[in-house]
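Below, chain A partners chain B and then partners chain C, in two separate complexes.
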Partner chain A sequence: MSAGARRAAGWVLLIAALALVPLSGTYVTGLAAEVLVFAIFAMSLDLLIGYTGLLSFGHAAFFGVSAYTVVILGLQFGLSGWIGVAAGILVSAVVAAAIGFFSIRVSGIPFLMLTMAFAQLLMAISIKWRSVTGGTDGLSGFQRPTLFGYSLDNRALQFYVVATGFLLVLWFLRRLIASPLGSIFIGIRENEQRMRAAGYPVQRFKLVSFTLAGALAGVGGGLYALQNAFVSSDILHWSLSGDAIIMVILGGTGTIVGPAIGAGMFLLLKNVVSSHTEYWLLWVGIIFILCVMFLPQGVWGWLRARRFGGRTP
Partner chain B sequence: MAARAALRRPDTVSGDGAAPESAASQRYGVREEKPAAPASLLRTQALHKAFGSLVVTRNVSLSVNAGERHALIGPNGAGKTSLVHQIAGQLAPTSGRIFLREQDITAAVPEARAQLGIGRTFQKNNLFRGLTMRENVRLALQAKRRGWYRALRATAADRSQRAEADDILAQVRLTDDLDRPVSSLSYGEQRQLEVAVALAGKPAVLLLDEPTSGMSSAETDSMISLVHSLPAELGILLIEHDMKVVFSLAHTITVLYYGEVLASGPPAAIRDNPKVRDVYLGLGH
Partner chain C sequence: MRPGAALHANGEARMEFIATQLVNGVAYGVLLFLMSAGLSLIFGLMNVVNIAHGSFFMLGAFAALSIERWTGSFWLALLLSWIPAVAIGIVMERVFIRKLYGRGHLDQVLLTFGFTFVFVDLVRWIFGADIRELALPDSLTGVIEMGGIIVPRYRLFLIAFGGVVALLLWLFLERSRVGAMVRAGVDDAFTATGIGINVPVLFAAVFALGVGLAAVGGTVAGPILGLYPGMDIEILIPAFIVVVIGGMGSLRGAFVASLFVGLVDTFGKAYFPDFALFMIYLLMVVVLLTRPQGLFGVNRA
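Let's look at the complex of A and B:
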């Protein structure tokens, strides 16, 4: 099969598989929607970690800000969740541009600490500004929007909306990474000094990458709000940023699909293992350590190297 | 990196601002100067760099004209690479000025200097290691294209850029299996690729930092003929230890000694200069 035919077949298989998921009952459908939401989140983070070489530890900020935007606009102003998601993505991009503007001035560990500090700042605001954010109790009572007259309270419809968002983000990232802009991000990851010597304003492109990643995390956050109709300050907690890093590394940094697989593994472990033992994080930790030791390219990176020997979706 | 932070210091060059500035000058905040001397392509003026009490560049003034092959020699630790870093912008001088086509670029960041026409290679191979040979050159080519960030068009579909990359690779005699990653190349091939990446930026001045270091005698000969084959109008500043390379290429030789210019002139004059023979050529030659 040619590369183009294989790619097309991959998309068809993926869409068919996603289309069939709601047949497997509401529990699985809900879990699958959650996986896809966090897959979007993890893929957006990998744009920074895997492609631009920026280890951000505050990515929950953009996910959370978008989710809050959707719910607050709905509760306070009665705006539809659809407008909310668009606004959420925009707000995430703006917040990412602001945080990125300061954070990219440093790199390595200071960058990691700075992004985490900004995310913690947003979490502190979400806890203290009770009148708007509901504090640690969170905001409930959000009315899900409707699609073609059907309410998004329907699990299957929720799933299809989330799956559509996932496919769009997947498509966008694939185009981006193959584009001139994507090649600049990869160049920065590979050798920042040489990029500057070649004439690239590296700082500007790091900010572009950071803002794009924030906006894509906003897509995930907005869909999270539509799915859960609830948001609390937990969503801005640093541990969510950490979870996303684990998802990226489990699946494979510097791959597009890897982080989605990592998100699936992480959430399956969480759901399956936590029904047997409350120490589910211990198992996640053990698997994470084994993965880093024996599959440093992540599960997808390993599969890709073994099976395909090249690029696939 | 302290060096990088230092490079972002504000523009300290003052000017009357009366002269109209070119688009490139406005973009990068460099000011054009009225030529004081006959126009040279690249010129340093009383360049001085000190790290605390250690002076690595002391009052260095040199120039490279279009088409000139200017060799910079000197014992280890003479400050040759530091000088190249200052010209290309990786290191900020303590005092003194650097001019490209009589524009003061002393305060410009490395990427701005690259866009204005300074290309360089590194003494230690400094490539995009995870990428292929072709992609290394293509990325460098892309930097000089306007509007690279506009489209989401696949780079792999850009045939003209690919052909251009292949041409440049052929110029440095890399023609076999150009989709090999850098990490699988031999050391000598990486040195050649280092030159190709610098050439892809279409520089007016090329700074070659020890292009033959670590090379076998055959590889060195091939590098000499490679440099000979480069466009005649290109100005080249060449750092080199191998006297065979220096004397077969250079029009002008500048000898650095403890950061200072000991002598500068045509090869024959340098060869006969007693001071140079004393501190440098006499050692091991």
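Let's look at the complex of A and C:
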């Protein structure tokens, strides 16, 4: 099979598998939708960690800002969730551009701390600005929009909407990485000095990457709001940024698909292990530590290296 | 916004209020110092950002709780509670972190991040999720009146204790032979190896020292902050802010910034409760943007 045919077959298989998910009952469908929402979130973070070499510890900011935008526009102005998601993505991009503008001035550990501090600032606002955000209690009562006359309260429909978003983000990221812009990002990850010496305005490209990643996280956040019809300040907490990092590392940095698999592993662990023991985080921690120690390329990176003999497909 | 109710009280009560906040702020600063001194030294020497540092604070506190329950003595708990944390810390450094020295410090950040999950759930598993209390001996309970101002005895003890630890630490680093090696390692680990300093042993020693300080910090924090799984993160974030402001690797920076953050946080919560959280993070952002190496840090760029 040629590479093109194999890729096409992969897409067909993926779409077919996703199309069949709602047959498996509401519980699995709901869980699968959650996995896909966080897969979008983790994939968007991989653009920073895996492709541009920026370890951000505040990615929840963009996911959360978008989710808040959807719910607040719906509750305060009665706007449809569809407009909300579009606005949410836009707001995430703007916030990411603003935070990125400052954060990319530093790198390494200070970058990590700065992104975390900005996200925590937003969380402090969401906790204290109760009249708009509902504080820690959150905002409920959001009416899900309709699609072709059917309400998104329907689990299967919710899943298809989320799955469509997931496929679009996956497709977009693969195109992006294969594009000249993607090559520049990878160049920055590999050797920032060299890129600078070659005349690339590295700072500007870092900001582009940060903004794009923020907007894509906004896609995830918007879909999260449509799916849950609820948002609270927890969505901006740094532990959510930490969860996304775990998903990316478990699945494999710099692989796009890997973080989606990492999101699946993380949420399955959370849902399956937590039904047997309340100490599921212990197992997440142990698996994560082992992964960092012995499987730094992540589960998908490892599988891919075996399957393709180390070549990048 | 509405100013704190205390502003409306009469002058005498206001003075008393300010004095109380001052004592509380300095006492909190002491706890932050015990955390951030180790965090800062470990980073300065080993380039490791130990996200699990708060976990050792928590482990120290719960070790103290166990010792106090067995022996009934707070003093014995204070004397011994660092031992389990240091033992665990040494194992963590030797078995895990050491393997990653060649791999760049972001992998080490991730590794220690993973450990925070393990430690917090182990504590939850062994001790439960409820808030526990570390009881104080009679000699440390009650209040002392100083010039018309009533001060809890334990806060005064805490401040004195922090002062003594800071002094000992300073003497150790500035006056002892091992301290000189640590300083040499912080300045330039590569050259330090070249002049015959056994860097791996030094790394383990400093990691153990930092972890021990955090555990002692958790023990003395126990009577005022309470013990619960999650106290690790509660102290970790402000301690990180201290290290960022003070400068990674600088003991003096950790000391000054601890008191500063302790006071800003305490007074902020008293006078501007709506903005206290905001102020601390804003402070961190401003320092990171204007002086990423911190107020007392060395520029490594």
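One rule holds in what follows: the second predicted complex is superposed on the first by the 308 of 313 C-alpha atoms of A that agree within 3 Å, B and C clash if a C-alpha of one lies under 4 Å from a C-alpha of the other, contacts with A are read in each partner's own complex, and residues count from 1 in each chain.
Quick note on the criterion: contacts are C-beta pairs under 8 Å (C-beta built on N, C-alpha and C of every residue); 3 or more make two chains touch, one makes a residue touch a chain.
Note that the structure is predicted; figures quoted are calculated from it, not measured.
Contacts of A:9 after superposition on the shared chain: neither chain B nor chain C is touched.
In the overlay built on the shared chain, the residue A:17 is in contact with neither chain B nor chain C. Of the two partners chain B and chain C, more residues of chain A are touched by C. In the superposed pair of complexes, A:305 makes contact with neither chain B nor chain C. Within the superposed three-chain model, A:197 lies in touch with chain B and out of touch with chain C [touch as defined at top].
In the superposition on chain A, A:186 contacts chain B only, with no contact to chain C. In the superposition on chain A, no chain A position is in contact with chain B in one complex as well as with chain C in the other.
For chain B in complex with chain A, the residues that touch the partner chain are 88-90, 109-112, 114-115, 119-120, 122, 126-131, 135, 138-140, 142-145, 148-149, 151-156, 197, 200-201. If you check the complex, the residues on chain C that touch chain A are 43, 49, 96, 99-100, 103, 105-107, 109-111, 113-118, 120-122, 124-125, 233, 237, 240-241, 244, 248, 274-275, 277-278, 281-282, 284-285, 288-289, 292.
Across the complex, chain C is touched by residues 55, 102, 105-106, 108-110, 112-114, 117-118, 120-121, 124-125, 127-128, 238-239, 242, 245-246, 249, 278-279, 281-282, 284-286, 288-289, 292-293, 296 of chain A.
Listed in rising order, the residues of chain A touching chain B in the complex are 175-176, 178-184, 186-187, 190-191, 193-202, 205, 208.
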